[in-house]
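Listed below are the structures to be examined.
Two complexes come next, and they have one chain in common, subunit A, joined by subunit B in the first and subunit C in the second.
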Partner chain A sequence: MRRRLIPARIGERILKVAGWSVVALIVAFIILPAVVVAISAFNDRAILTFPPQSWSLRWFRRAFTYRDFAVGFQNGLIITAFASSIALVVGAGFAFAIDRYSFRGKRALEAMLTSPLVIPHFTIGLGFLILAAQVHATRTFALVIVCHVVLVLPFVMRSVYVSLRNLDGRLELAAASLGARPGMALWTVTLPLLIPGLFSGWLFAAILSFNEFTASLFVTAQATQTLPVAMYNYVREYADPTLAALSVIYIVVTAGLLTLANQFLGLGKVLNVEHAR
Partner chain B sequence: MSSIPPDVASQTRPVGVQIDGVTKRFGDATALHEAWLKIGQGEFMTLLGPSGCGKTTLLNLIAGFLEADGGEIFVSGSLMTETPPYDREIGVVFQNYALFPHMSVAKNVGYGLRMRGVPKREIEQRVAEALALVKLAAFGDRKPRQLSGGQQQRVALARALVIRPKVLLLDEPFSALDKNLRGSMQVELKEIQRKLGVTTIFVTHDQSEALSMSDRIAVMSDGRIRQVGTPDEIYRRPLDPFVAAFVGDVNVLPARLERRLGDMATVALGEGRVQVRAETLDGLVPGAAVDLFVRPDAMRFADADGVLAGTVATHVYQGSHVDVLVDVPAARGGRVTVRVPGHEAPGRWPAGAHVSLDFAAGDAVAFASDAK
Partner chain C sequence: MNKRPFLALFVTPAVLAALASAAALAAILQYAFRAYVPGSLDPGGFSLSNFEALLRPLYAQVFVQTVWICLLTAFITLVVAYPLAFALVRTRNVALKSFLLITAVTPLFLGEVVRTYSWIIVLGNTGFINSILMGLGLVERPVQMMFTTFGVVVALVHVTLPVMVIMLAAALSHIDVDYEKAATSLGAGPVKAFLTVTLPLSMPGVVAGVSTAFAWTFSAFATPQMIGGGRVSMISTLVYQLGFASFNFPFAAALSITGIALTFAVLAMAKQAIRPLEKIGAH
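And now, the complex of A and B:
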């Protein structure tokens, strides 16, 4: 009996170690590209080799001073601000309508909610480019903004819809029984409770819009190009680590913003229907 | 089924809430069939029934959360049909309390007053009074999630009462509380209700809760009000087999109607004869099959000449009393429960003992048998 117990214990141990190794490997693979890029950003030489032989911060300086990046960053901020805000208002309206009312076309709207990935981004970009050419608007911010609104709308709708579903309908009934007219109940009870959902929807829209490349490549012009498009244009000409430096800045800023948002609004709560309450 | 005439309870006090033939349908299903009910001002009325019986539907209709498909509801004499919930002056305590999670306890309680534009000083004063009433004076700054279930319950009650509602509606308010807390909250609610004299409609599926708290009870099933009466009337003089079986425990004994004489009737139970009230036997002719309903606490052990004979099967000790389960071939289900106060029953009537059972005249109620 004793002799068989010991191998069983060792087997258990091996399994445990193997399990941990698999998890570690998966995590490693996910962050591996980011780590490689981050290290490359500090390479002193003007080619993307790995690992670097000597170290420098010069590519960070170049990332901050290269004119097309500055313009792309600015354009990106403008486009993102408009696109995510418009998407928030429109998406919240749709989400509200789907949650509260029954009407024709509700199914189609719901389908938009659940399958935002069916139409590829380049198709949307190309479609808008063709349409814009008809009205000679291919070089306008409006074109990029409209295109981005369409791209991020499903995500905003989903986020707001989930928050609405999680809201206890009896809260509005309670407000009504206490004398609140519907508008007042919306303002004092429903909206304050929806703020985390609205904000997280807006934040996702903003991140998606700011990072969007495929459709943007079609709908941007020299004057309206966004940062990802400027980066693509850069890498066609140069092969130095500036993009790696830019990536590091990108990751740090996004992670910082998300952490802040999570701290103040508890995003975990609004990302998942099942978890709430 | 027996229909309830609108004036079933001749009330001396003025009418607080009047339900006149209210019907509510959801698609093809009728949730409420022509309900008639008069609730006196300051009365504590309980709507009692199993889930799906229509009691919560009726509550939502009174609150104005649902629109009736027919009939009318009056509160303090005014017709409510065209009045939206926010103008009804009705306080509601929800099953899950529905406290506003983003507001402090004091803000929750003061919400209804702010909606009415009451001056700030007066709001503070009335909120403080309301919180003192429910013994939560020190908790005004807390958020609802920082309170226990019982405390949240009190906040919900204070929030509903602070607007001085014409009617207070409570929808299964104690179902989420544990048994001990439930008991003390029941007493507390009853005291507050009596002190304020607010007309109260209380919805529950718990018959002991209904019996202990109510001035009157309306027993409901399948969207119909089966009987309206005081707890004692409901318990001792059920007009309907559903009411008899739903409220309290009951033994069912198949029997036969022998003859009727005025208000009383004689029922043959085996060799024995039992006198019952005839009011529940309308339309039955002598010879018809009836079911006799007898409460376990009305059953007693006879010396030898009881109407039922059986064998003691087992005992269920309940603290203040013992339920003796007796195998009686003549009873529906083959078994009868006899409730004996104290703890001596197992000694006097041990398992396996042959016993004779009896019950006092007037403790049995007969209904037309539903057995085919």
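And now, the complex of A and C:
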């Protein structure tokens, strides 16, 4: 065996320190924009400068009182509520069908429903816009909701499918052996056990739908524009830090929701980056 | 007894949703083969002129630039995401694991507008980086990062990172640590054990991650639009411009169709590349 220049133990320690430094740098790269946005949100001046000369909360006030943001927020809530709930019903039912049954066209249907993962959002948005034009429909809430259902469906399916896989099938058999009919076993055994998976699927869908931008830009009109679309329009018109203030609120709420989801549901399992035991 | 209770009940809504996507895609496909009538929102008759126009240098160049940006972003993202995914999977500290996971995943849910806007403040001429550089006296004039391919790629790497981390972590978490231990017990140092055992076993995840990153970058719109500012064009920004500035929906549709074909070709190539790799990892 070759002789080592440095004793193995010290070498390993150096490697460990180097490795964690790299990870720290990467984490810094991820967090940097959020930190910078947070600092500039409290900048008193209307022009973005670093470091801010004086501090104020006026951009938060403006973010809360700017009319398009309020309307976009309301529209977003309406669209998100419908889209994520419809996607939950459709996606959970189909995930159950994939897990339990074999039927004709199963693969094709699955491929069609997961295709929005690889088809660009601008293409899907353009498709629904042209579709609406062809049937001479205007850009209503219904159009935006259908578009969002299609976009978030793969995430709901995945979330529910993973929790179905982790389910102990014997519990249903036990219910059946005790005389429960299939519907009864489904309702009283399977469904309650699936609630964490259903909830996390719904939550992912809701967050994604609320924040979806590209497709929404194509399918929303002035009356149906969502918050991200209103934010995009704002940047094109104004250069002040109002959007920074709004971004801070966004980041805090989203990170909070995800921490909560991780606490109760185990984000790692849902995303398949750790094994369920 | 019915062996498949409630099948129709569970599948019918899914069929309806699939029909909605199919109808939207069919609408694009149909428009792609129609002529553009200037000044009218309705397309003309059957025509191949949209696809001919794609070959014009102006548009062909956007295609080349898009593919270049996607490849660059996918590979840089891979290099940045791998150590993070590795740390995420291997650390035994529960709090640290949660922190890394939340940090890696949160940007995914923030949406492109918030993230891109943040990068404008970081990269702008009076932004974070330039203020530091000028404050330290390292440069006299701001370094131009907005409206450049560099700026767009940096922001796109940030946007694509979460997906890559998730895919790599999924692959890494399925590798049995015992293989590495076996290598170490046979005299391999930690670096050698990683390079000869863990890295090859994670290759399916790497290929899947790179191809997904490619597709995501291809799909990105807000980032090239806001940071590229019209000076860095990608297919996505061109489609939007054609649709909403010149109302040339037939050509926008043709571009989109070609884009889908390109994405699927890349994904198919990746699938071919994964096949032999999965045989190594099979156990």
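The rule we apply is simple: the second predicted complex is superposed on the first by the 238 of 277 C-alpha atoms of A that agree within 3 Å, B and C clash if a C-alpha of one lies under 4 Å from a C-alpha of the other, contacts with A are read in each partner's own complex, and residues count from 1 in each chain.
The rule is simple: contacts are C-beta pairs under 8 Å (C-beta built on N, C-alpha and C of every residue); 3 or more make two chains touch, one makes a residue touch a chain.
Quantities reported herein were computed from a predicted structural model and do not represent experimental measurements.
K.L.:
Taking subunit A as the common reference for superposition, should the pair subunit B and subunit C be classed as clashing or as fitting?
P.N.:
Superposition check on subunit A shows subunit B and subunit C fit without a clash.
K.L.:
Is A:F122 in contact with subunit B, with subunit C, with both, or with neither (first, second, both, neither)?
P.N.:
second
K.L.:
Would you sort A:A97 into first (subunit B), second (subunit C), both or neither based on which partner it touches?
P.N.:
Once the two structures are laid over each other on A, A:A97 reaches subunit C alone.
K.L.:
Which angle, in steps of 10°, is spanned at subunit A by subunit B and subunit C when each chain is reduced to its C-alpha centre?
P.N.:
Once the two structures are overlaid, it is 100 degrees.
K.L.:
Once the structures are superposed on A, label A:L164 by its partner contacts, choosing first (subunit B), second (subunit C), both or neither.
P.N.:
Neither partner.
K.L.:
Who contacts more of subunit A, subunit B or subunit C?
P.N.:
If we count touched residues of subunit A for both partners, the winner is C.
K.L.:
Looking at the overlay, does A:L109 come into contact with subunit B only (first), subunit C only (second), both, or neither?
P.N.:
second
K.L.:
Which partner does A:L173 contact after superposing on A: first (subunit B), second (subunit C), both, neither?
P.N.:
After superposition on chain A, A:L173 lies in contact with subunit B alone.
K.L.:
Is A:A205 contacted by the first partner subunit B, the second partner subunit C, both or neither?
P.N.:
Neither partner.
K.L.:
So in the superposed three-chain picture, is A:T214 touching just subunit B, just subunit C, both, or none of them (first/second/both/neither)?
P.N.:
Touch partner of A:T214: subunit C, not subunit B.
K.L.:
Rounded to whole Å, what minimum CA distance do you find between subunit B and subunit C in the overlaid structures?
P.N.:
8
K.L.:
Which subunit A residues are contacted by subunit C in one complex and by subunit B in the other?
P.N.:
Touching subunit B and subunit C on subunit A: no residues.
K.L.:
Hey, which residues of subunit A end up touching subunit C in the complex?
P.N.:
The contact residues of subunit A facing subunit C are 1, 4, 8, 11-12, 15, 19-20, 22-23, 26-27, 29-34, 36-37, 40, 47-51, 89-91, 93-94, 96-97, 100-101, 103, 109, 112-113, 115-124, 126-131, 133-134, 146-147, 149-150, 153, 182-183, 186, 204, 207-208, 211-214, 217-218, 228, 231-232, 235, 243-244, 246-247, 250-251, 254-255, 257-259, 262, 267-268, 271-275.
K.L.:
In the complex of these two chains, what residues of subunit C are touching subunit A?
P.N.:
Against subunit A, subunit C makes touches at 4-7, 9-11, 13-18, 20-25, 27-28, 31, 41, 80-81, 83-85, 87-89, 97-98, 100-107, 109-115, 117-122, 124, 126-128, 130-132, 158, 161, 166, 169-170, 173-174, 187, 189-191, 212, 215, 218-219, 221-222, 226, 236, 239-240, 243, 249, 252-253, 256, 259-260, 263-264, 267.
K.L.:
Could you pull out which subunit B residues touch subunit A in their complex?
P.N.:
63-65, 84-92, 94, 96, 98-102, 111-112, 115-116, 159-160, 163
K.L.:
Quick one: in the complex, what on subunit A touches subunit B?
P.N.:
168, 170-171, 173-181, 184, 188-189, 192-193
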